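For reference, chains read A, B, C and D in written order, and residue numbers begin at 1 within each chain.
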Amino acid sequence: MEEKLLMKDQIAKLYDELAKDYSFFAPIKEKGNIVFKKASNPEEIELDYFNSKVPPKEVLFPKMEVLFEYSLDEKDVEIKERTDLDEKRLIFGIRPCDAHSFVLLENFFDFGEFKDEIFLKKRENTTLIGMGCNSPKSTCFCTSLEGHPFQRDDLDVMLVDLGDKYLVESVTEKGKELVQKLSWLTEATKADVEKAQDLSIQAEESFQTHLDFSNVAKTLDPNFDHPIWEEISEICIGCGTCSFLCPTCTCFDVIDETDEYNNRGRRIRIWDTCQSCQYTLHTSGHNPRNSCIERCRNRILHKFSYYPTNYNLIGCVGCGRCVQLCPVNNDLRTIIEKINKIEDKKEEKISA
Amino acid sequence: MNETVVKAEQEKKVDEEWEPKIIAFLCNWCSYAGADLAGVSRIQYPPSIRVVRVPCSGRVNPYFIIRSLTDGWDGVLVSGCHPGDCHYISGNLVARRRFSILNELLEFFGIESDRVNFMWASAAEGERFAVLIRKVTEKVRKLGPNTQFQKKW
Amino acid sequence: MPNIYIPLLTRVKSVVKENKANDIKTIELEFQKEEDYKNFNYIPGQFAEISIIGKGECPIGIASSPTEEGTIKFTIKRMGTVTSVFHSREEGDVVGVRGPCGNGWPIEEMKGKNIVVIGGGFAFSTLRSLVLYLLDEKYRKDYGDITVIYGNRDPGEVLYQDVLEEWKKRDDIKVVLTIDREAEGWTEKVGFVAPIVKEVAPSADNAVAVVCGPPIMIKTTIAVLEELNFKDDQILNSLEMRMKCGVGKCGRCNIGNKYVCVDGPVFSLAELKKMPSEY
Amino acid sequence: MGIETDNQEIEKSMREVARNLLKEKEVDVIIGYSKGTFPLSTSPIMIKKEEEVDKLIWNNLCYVNLAKYLVPKIPQLLDPEGGDLKIGIVSKGCVGRALVHLAVEKQLNLENIKMIGIPCNGVVNRRRIEKDIGEKEVFEISASGNDLIVKGKDFEQKFPFDEYINELCKVCKVKSPPSVSEACIGECQEVPSIEDDFGDLSDYESKTTEEKWQEITDTLSVCTRCYACREACPMCYCNLCFVDQNKPIWFGKTTDMSDIVIFHLVRAMHMAGRCVACGACSSVCPMGIDLNKITRKLEKIVKERYDFTSGIDTEKLPPMMDFELEEAEEFMLEED
């Protein structure tokens, strides 16, 4: 049988074996928040969790990343490229929605003539061991976006929590190789597989949020100047939490940092957000997105209109982070519902 | 004695020669002239300070002080005219309020507030200037090199 | 796959002060490595991310034409942090260049057509590149009549006076210069660009108008061009946007689903009308 | 006390006041709180029509400081000419303080504002509750006696209300807005000079410098530099924040420890004598960082040094706008 079993008390063994070859990233509790961090010992790993607060994009697209370093002297500059991109990484316990976000990120960084080697190379050297969501949160809506709490397509290896053990299923070649290396895994029985299937159905049925995305892109396109944007942005305070902690947001700022006393420096990128008013501010003082209205609109359109147009994918994975963490509870689900209502009105007009 | 103190003691012995580097923002009208007077009068004081002349102690933005620390200066000194003597009437009084709050906050954030020092010195107080520079240098020397707050690369 | 964020290193070959106010300079750069220059294949209208290593980067339109061999030129107005540092650069200083970025003027599609080049102020840099390219003996025969209308606030602000003089001497190009208000010693036209365009009245038949300048000039000029029967797809524009990466990754320069840095900066009016007015 | 039950009276009178204000055209818009989309949340709301007044709610989860909306004028709060609309604003104590202080800083005109005063008995510290229940989802929160009852799938947990409100609320002395002008209607109070011993800080302040650094860096280490604290703060209304300045770049924007500490240190610096201790910064932090200690320290500094409490007096100048010739200067270097 393809499927294997991993006992819960064998996590340490798994860690010990894989941490030799990989940088082992796993959900770890830090100050009450789950985050994906390089685990230094197997005890840190926290697998009984909903989802991490900071999305695992952080592993490949960190909050701060060096683009290149340089040394400076009077008349010369020497540029040092990054050499650490070949590090083999393993993200253990990633949720299917976040794994799907990697597909979006890959699409984005690979798009067009210019390819972001820093991200893509890291992605190439990363293996994803995902974990099915037995109990999705009430704010989750991945099923509305063709996702599924047990979606395996975007993972290399899929784990399903069966209570005292995990069902291990390799999805890609990369995953198969990795599982083969773990020769001590026991065979799964048919009952185990069936239980996993039951859990999958249970999880799917437990979803409370169902949104209709089928017409969102089509509705958004002609409604750029619709008054609904004023309504949506009314209470937004422009903090950018939604985009900082969004698994699919990729915007960054580029900054030069110089250590003048040691004649060296680095050009770095840090996360940025389209919700900040400095984001699009021209040097001349002109700002194309001068108020919350335009900025909120840009975020929604980017995810639900520009993404579909450019990559044929919706730029949202339904993880619900922005819903939970928005300080003013400007709920994305409500926004989508409002957008869907725009069309209803139009249809009424036509029929009337 | 706890471990860190012991370690600091050891380091000090190894680096007996270590001379702190202190950045000094001196107001143009009093303290800078005071420093000048100390020099002209040949009063000895440690060569630890590097002077930045500013128009008034009120010109010293707390950014200057904090940035100096992150850039790795071991100490910061701001000196202006005595209260009431400000060339711009109240610049030093405004500065004093700022410094009082900065001083308390630095301590509160666990940044060795002895690294950041404020003083008044008039143009006639060459002697006082030298004495206080000695005092600042000793204070900072006791703390050792500034590594805690310096930006890590 | 090269790291797209690493600039190629060049050195400043010459610096020319362009205006009386001395806030515009043209900097000529020479690549440190010969092969870098060979790989730097650009067309007029493209831009490059030029950087002072240690200070930052900014997107600047390439002012030189690919026909001017050996070096590339940028005309830089002193505005922000990076451009201010550029103004203090001297011969031999190191400058980083990343690019070429953007689409540039559609020189292939413009073949066989009459070209009307309308520029205002400092935005003339990529137009200089374009006109020089069109006038090159290799390419001149591919294009029809060339009309250049170039407006400025006052005589001291007119850029590229040397090339303008040369163009005026030629008979295969019509050059119209104008300034906003009369000034001593000025013998050319006086008036805003839009009315001058109306006066010159270039024919819209088989023509392409290339418009570049401050927003208000673009707005008024487009109105005039429309009066002259120019269609939306006959009017080309080059947009400005805040940029960081220049390669479509940092996200900020989008107008709708288009990124100005890779899909632009050149858009026809027809394209612009389809895009949301968020620029 | 509590989430729903005892608030009904307050809610009822608040809605009545709001309805009248709108009916009499005394205000054009009411800013208040409405129900959130999941437990432990509430959402600000702007109400322009009388019939929508019933959407207003009041409970112990109303943590956003509504005064924020009055500073960066959002288009909806402006009339067609760009002037100010008359605004009614549901004000608990700290919202009132923020409005008063903003008036002192000439950021708004109290004549255009009606504060609908509400006695607040503390905002539930939702981040702490979330932390304490761990990886579980809350379905319902209610109050019973002095306890908060949090229910979820397969669990029910009690939290003593007095303990699980924000640290700042525990020591809050201005529970309903100060009645400084005619702006205040509803429940308001005369706020005389405030006495506070800042006993809650003594534990921390008795630590050594090194321990303090440890604790501060430990607390701040999860900061992602999203600046939600800044954006939620009613006093952070600068057009260009010091971290965003790039001419020159004073401080780094990275998540290096020193950069993070600087951001919070300098922000604190700018808040001295201005912070109204609403705790919005901590409530909105997505990473759950507790900045309340810093807030308290700021209050303490200005109270002890300059006998000033922000947002209770429209006449008195804030300490950073003022100076005196004779003043304590024990921190200045003196000859021995």
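The criterion applied here is as follows: a residue touches a chain if its C-beta (ideal position, glycine included) is under 8 Å from a C-beta of that chain, and two chains touch if they have at least 3 such contacts.
Keep in mind the model is a prediction, meaning the values are calculated, not measured.
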Exercise. Tally the contacting C-beta pairs at the C-D interface and at the A-D interface, and name the larger one.
Key: A-D
Self-check item: chain C and chain D: spacing of chain centres that average the CA atoms, whole Å
Solution: 50
Self-check item: chain A-chain D separation of Cα centroids, rounded to whole Å
Solution: 31
Quiz item: What whole-number Å value describes the gap between the mean CA coordinates of chain A and chain C?
Solution: 39
Practice problem: Quick one: report the Å distance separating chain A from chain B, using the average Cα coordinate of each chain. | Solution: 47
Self-check item: Contacts with two or more other chains, residues of chain C listed in rising order
Solution: 56, 80
Quiz item: Which chain D residues reach two or more other chains?
Solution: 249, 252, 256
Quiz prompt | Touching two or more other chains - residue numbers and ranges from chain A | solution = 253, 255
Quiz item: Taking all chains into account, which pairs touch?
Solution: A-B, A-C, A-D, B-D, C-D
Self-check item: Residue ranges of chain B in contact with chain A within the complex
Solution: 71-72, 151, 153
Self-check item: chain A contact footprint on chain C (complex, rising order)
Solution: 1-7, 9, 51, 53-57, 79-80, 83, 92-94, 96, 215, 240-242, 244-245, 247-257, 262, 276, 278-279
Self-check item: For the chain C and chain D complex, residues of the former touching the latter
Solution: 56, 80-81
Quiz item: Which residues, counting only chain D, touch chain B once they are in their complex?
Solution: 205, 209-217, 242, 250-252, 256-259, 261-262, 264-266, 268-269, 272, 294, 297, 301-302, 305-306, 319-320, 322-329, 331-336
Quiz item: Which positions of chain B touch chain D when the two form their complex?
Solution: 4, 62-63, 66-67, 70, 83-84, 90, 93-94, 96-113, 117-120, 128, 131-132, 135-136, 148-152
